[in-house]
Amino acid sequence: MMKGNKKKQDLYWYVLIVLLILIPFIPQVAANSFTQHVLILILLYASMSQAWNIIGGYCGQVSFGHSVFFGIGAYGAGMAVVRFGLPPWPGIILGALLATAVAILISYPCFKLKGHYFAIATFAIVEIFNRLFMVWYWVNGALGLDYPLVEVGWRNFMWYTTKIPYYYGALVLFIIIFGIVRFIEKNRFGYYLRAVREDQETAEATGINSTMVKLSAMALSAFLAAFCGAFFVQYNLRVDPTMVMSLQVSMVFVLVTILGGAGTLFGPLLGAMILIPLQEYTRVLWGGLGRGTDLILFGFLIILIMVRQPKGIMGLVDEYFNYKKMRKVISAESDIKY
Amino acid sequence: MIYFLKKFSLILLTFILVFTLLSGVVLAQEKVIKIGTLFPLTGSCALAGSRCKAAVETAVEVINNAHPECDVPLAAQEGILGGYKIVLVHADHQGKPDIAKTEAERLFNQEKVYAIVGCYNSACTNPASFVAERQGKIFMCGCSSSAALTERGLKYFFRMAPTDKTESIEFCDVMEWMNEVKGTNLHTIGIIYENTEFGKHAADEGKLAAAEAGFEVIADVPFSPGATNMNSEVQTLKAKNPDVVFGACLGGDYTLWVRTMKQMDWLPKMCLNYCTGYQDPVIAQQLGDDGNYFMGGTGYSPEFADLMPAVAAVENIYKTKIGPSVPFDSDSIQEAVATFILAQAIEKAGTLDYDKVSETLYANEWDSPLSMGGKVAFVPGGQNAKAMSMMTQLQGGEYKRVYPPELATHDIIFPMIPWNQR
Amino acid sequence: MSMFFQVTIDGLLTGMIYALVASGLSLIWGVMDVLNFAHGEYLMVGMYVSYWLGFLMNIDPLISWIASGAFCFILGILTYKLIIRHCLAGPPLSALLATFGLSMMLKNIALNRFSPNFRILTGTFLDGKKIIIGNIVLPMPQLVTSIFALVVVFIIYYIIKRTRLGWAIQATAMDKEAAELMGIKTESIFVLVFGLGGLCVGIAGGLLPSYLAVHPEVGGLFGLIAFVCVAMGGFGSIPGALLAALLIGLVEALGGFYIAPVFKYVVVFGLYLLIVMIRPKGLFGW
């Protein structure tokens, strides 16, 4: 049974990937660059949030600090292109490594803190980094880095007229990050993570080095978040501290994951699938009215989802299938009765 | 999980369907030119954004319909190119560069707009105008003030307003003029600015201009916008006590700054403001006497009526869009100018071809009764070479022209009157 | 030297206002373990109430704080009844997400209804008044707001520590189930706590327009600093929040003046990190 399930799950995962690969061939999508934009954002935000999910969802350490790692990754790519005139790749790698190092350095002392104290500490770290980057002359401070016109192609990971390659770039990111989390979920490490989330003392009593587990989860999470940051910059061709390294960006990681369902594999994807189109299309439809109508509605829908099902969309989905199962059971019972 | 995965592809497909349904349906209408506006309609710059949007709407109203009462080009006739009407598509970039880029792309690709007018924030104008440039489409920028925008060598980018650089140089000119003519001994400068793209840019240009004119910048005070208080900022200025302060504080920060200076009972001898809260007539009115004797570069103000007689009639239309008590300000009027110039160029070129229109824009000197000086002409890079602003000083709640001397109506009140003598 | 005293006093006055904003948050957080992201927006709402009363009916903020307080009290109760109550069943973060949605809504409703204009109340009773002692200037609006802050924080503290209601609140905070078994109506306690949280911040909002411009985004930084105050003081500890707020105000002013104004919040957040490294549960936490 278990084995059958696993095979089945594998199958669905591959079907999903194939579907995602084929999407750009749908004529409506191919013709409409805004739809492509929304799809790219969904994949990017799903990947970002999945990276956060490792530490925030599976390990239960709510970090509002991920925009720092996101930002370092972004600045890695940005600096390579703007300041050094290189392709972004070495900057991306260096940025990701740097983000990992920073993550380890700042999380090690912070992991002493529990619950909200930890959350607020990461909060404070974002604000500190944001303000330091704002005045750091070498990275152009508040002015930000604007990309020059360079040759398009995979070498520079930059296109001006088409978005399809960005879509596949985001898809690669998505597959890698989701693949890693899928692997972890079944792996010993995944069980450690959940053990630490449920009860740190008990986990330690069973011989798990909780600090080590949390640190490695954070490091992995930061490493992956940095890649997403680099993608974000390559996509927008501009980086400044408010864009990538602010509480608003940090909230995105948390929002998407919780909305979808924290600590579940498909939660981040579901969250992104709901949140991003909601955000983008409400803006398109009502943003031009200029009275914040889109954001009122957006806020209202978030509240609505949370009030209806605090466990997020995954909770709704579970509820739906449980209901169907129940119906099956009930109808089976009534069959017997009559 | 398995149950759910089963349904997953179905959910995904539904979503794609929804996208395609939602995404823009292009209506094939005749005799219509679509123009996009892209301003910060929400977020911390929403005030300025909504005014700019209304200014563009005003210009379009004048262009599309016969308005014989307005003495501006294209007012008498209906539409351009023999009956083409302009239709506006509004978009909101929330003050975020990434959204500005997305929305610019959407306006061009989905809404099929002909050109975009925007974006107020220089940080947003930059990526948005790049989108236009790459597609070979025209981007009209009214009031983004970063000098770097027109130093990029873009072919389809046009900016109306004077830049931070022009303003900074003018500030130093005023100081030199005061020293020569009035024998004031102005030497030291303090700069207070919000630490954002806008403020940093202004401050950098200010420092450059000061260095060239031989003044000394002794206080460099950036602050985080949206501050809860500005005590330490003002204390720092007070401790350094510069002769002149250059200010780049927007909206709420500007009022907070002025009021904090009042509390701390300190004023410089002269205070010069970039395009900021100083130019907002509503703020000036609210600050009342506290706002007096501050100075700044101003592109337009109701008190300029004798200089720019054509504005009043247009302003009446503007007031129906934004509110009866809000006159044009230096920023929003530039967005109206941008719209007018674009329409005039299309009319003159006689075609919608981008290259022709762009060439026409460069080749001519345009009549623009809404601009100070009445003329607009572009130099390569897209900067309006005729852009000028005038130094004004708030005296009795009104913007009085004080510099350059040939256009001045009032003397500069120098030094600023201390708080306790008001 | 007089500069030093002046800066110190400015810092303490600012700190008092932070304390008033933070005390409400501390109450909610301590009792219900809910991160209320809309707290800064409550402040904004309170400020608008006071502003409109002053603008339309010429009521001074010194009086209209009562109305702002009452308004935010109701707003708090509504938030609990309509939103938070339903989220408590889920993971602790869902309430956070819901309040985030609420903050977005409130901010943009204000934008929608009142336009993004910066509004200032001029000619209020306290406007421009100040006390001058030697070289040191004490601005009256801030001074009066600080006195209010002290009084309100003291009253809240008294209620919690010395009344039966306060004991019920404490009991609920410590163990909800046990409190219910003791016959405490925890549901009503939650409602009340949310209302009181709104009341505190509403009073602060009522007084602020006498020297701060009102606009839809005004609550952001206040909310953020309130979070840090509460965490630095230790959750649920009102004296902790008060002390933390004063410290933050002081450090902000001194750091801003002696290091650089642009670093003032860096110093504040740095201080928080430093303090929780030494005392992981905040100054007064246990």
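Per-chain residue numbering starts at 1, and chain names A, B and C are given in the order in which the chains are listed.
Note that in this section a contact is a pair of C-beta atoms (placed from the backbone, for glycine too) under 8 Å apart; a residue touches a chain by one contact, two chains touch by 3 or more.
Given the structure is predicted, the values throughout are model-derived calculations rather than measurements.
Undergrad: By the document's touch definition, which label belongs to this structure's chain graph: line, ring, star, complete, or other?
TA: Looks like everything touches everything, fully connected.
Undergrad: Would you mind telling me which chain pair, A-C or B-C, is linked by more contacting C-beta pairs?
TA: Result: the pair with more contacts is A-C.
Undergrad: I'd like the Å distance between the centres of chain B and chain C, where a centre is the mean of that chain's Cα atoms.
TA: About 36 Å, centre to centre.
Undergrad: Using CA atom averages as chain centres, what separation in Å is found between chain A and chain C?
TA: About 32 Å separates the centre of chain A from that of chain C.
Undergrad: Show the residues in chain A shared as contacts by 2 or more other chains, in ascending order.
TA: 131, 134-135, 291-292, 295
Undergrad: Give the residues of chain B touching no fewer than two other chains, as numbers and ranges.
TA: 42, 46, 49-50, 195, 222, 224
Undergrad: Identify all positions of chain C at which a residue touches two or more other chains, and write them in rising order.
TA: Correct list: 108, 111, 262, 265.
Undergrad: If you look only at chain A, which of its residues touch chain C in the complex?
TA: 62, 109, 112-114, 116-117, 119-121, 123-125, 127-128, 131-132, 134-135, 247, 251, 254-255, 258-259, 262, 291-293, 295-296, 298-303, 306-312, 315
Undergrad: Which residues, counting only chain C, touch chain A once they are in their complex?
TA: The contact residues of chain C facing chain A are 29, 33, 35, 82-83, 86-91, 93-98, 100-105, 107-109, 111-112, 224, 227-228, 231, 235, 262-263, 265-266, 269-270, 272-273, 276-277, 280-282.
Undergrad: Mind pulling up the chain C residues that touch chain B in the complex?
TA: Interface residues on chain C, with respect to chain B: 3, 6-7, 10-11, 14, 17-18, 108, 111, 115-120, 122, 128, 130, 137, 139, 211-213, 215-218, 220-222, 225, 252-253, 255-257, 260-262, 264-265.
Undergrad: Using the touch rule from the top, collect the residues of chain B that touch chain A in their complex.
TA: 1-9, 11-12, 15-16, 18-20, 22-24, 37, 39, 41-42, 46, 49-50, 53, 89-92, 96-99, 101-103, 105-106, 109-110, 123, 126-127, 130, 134-135, 195-197, 199-201, 222, 224
Undergrad: Which residues of chain A touch chain B in their complex?
TA: For chain A paired with chain B, touching residues are 5, 8-9, 12-13, 15-16, 19, 23, 26, 28-29, 32-35, 37-39, 131, 134-135, 141-144, 146, 160-161, 232, 236-238, 240, 242-243, 265-266, 273, 277, 280-281, 283-284, 287-292, 294-295, 314, 317-318, 321.
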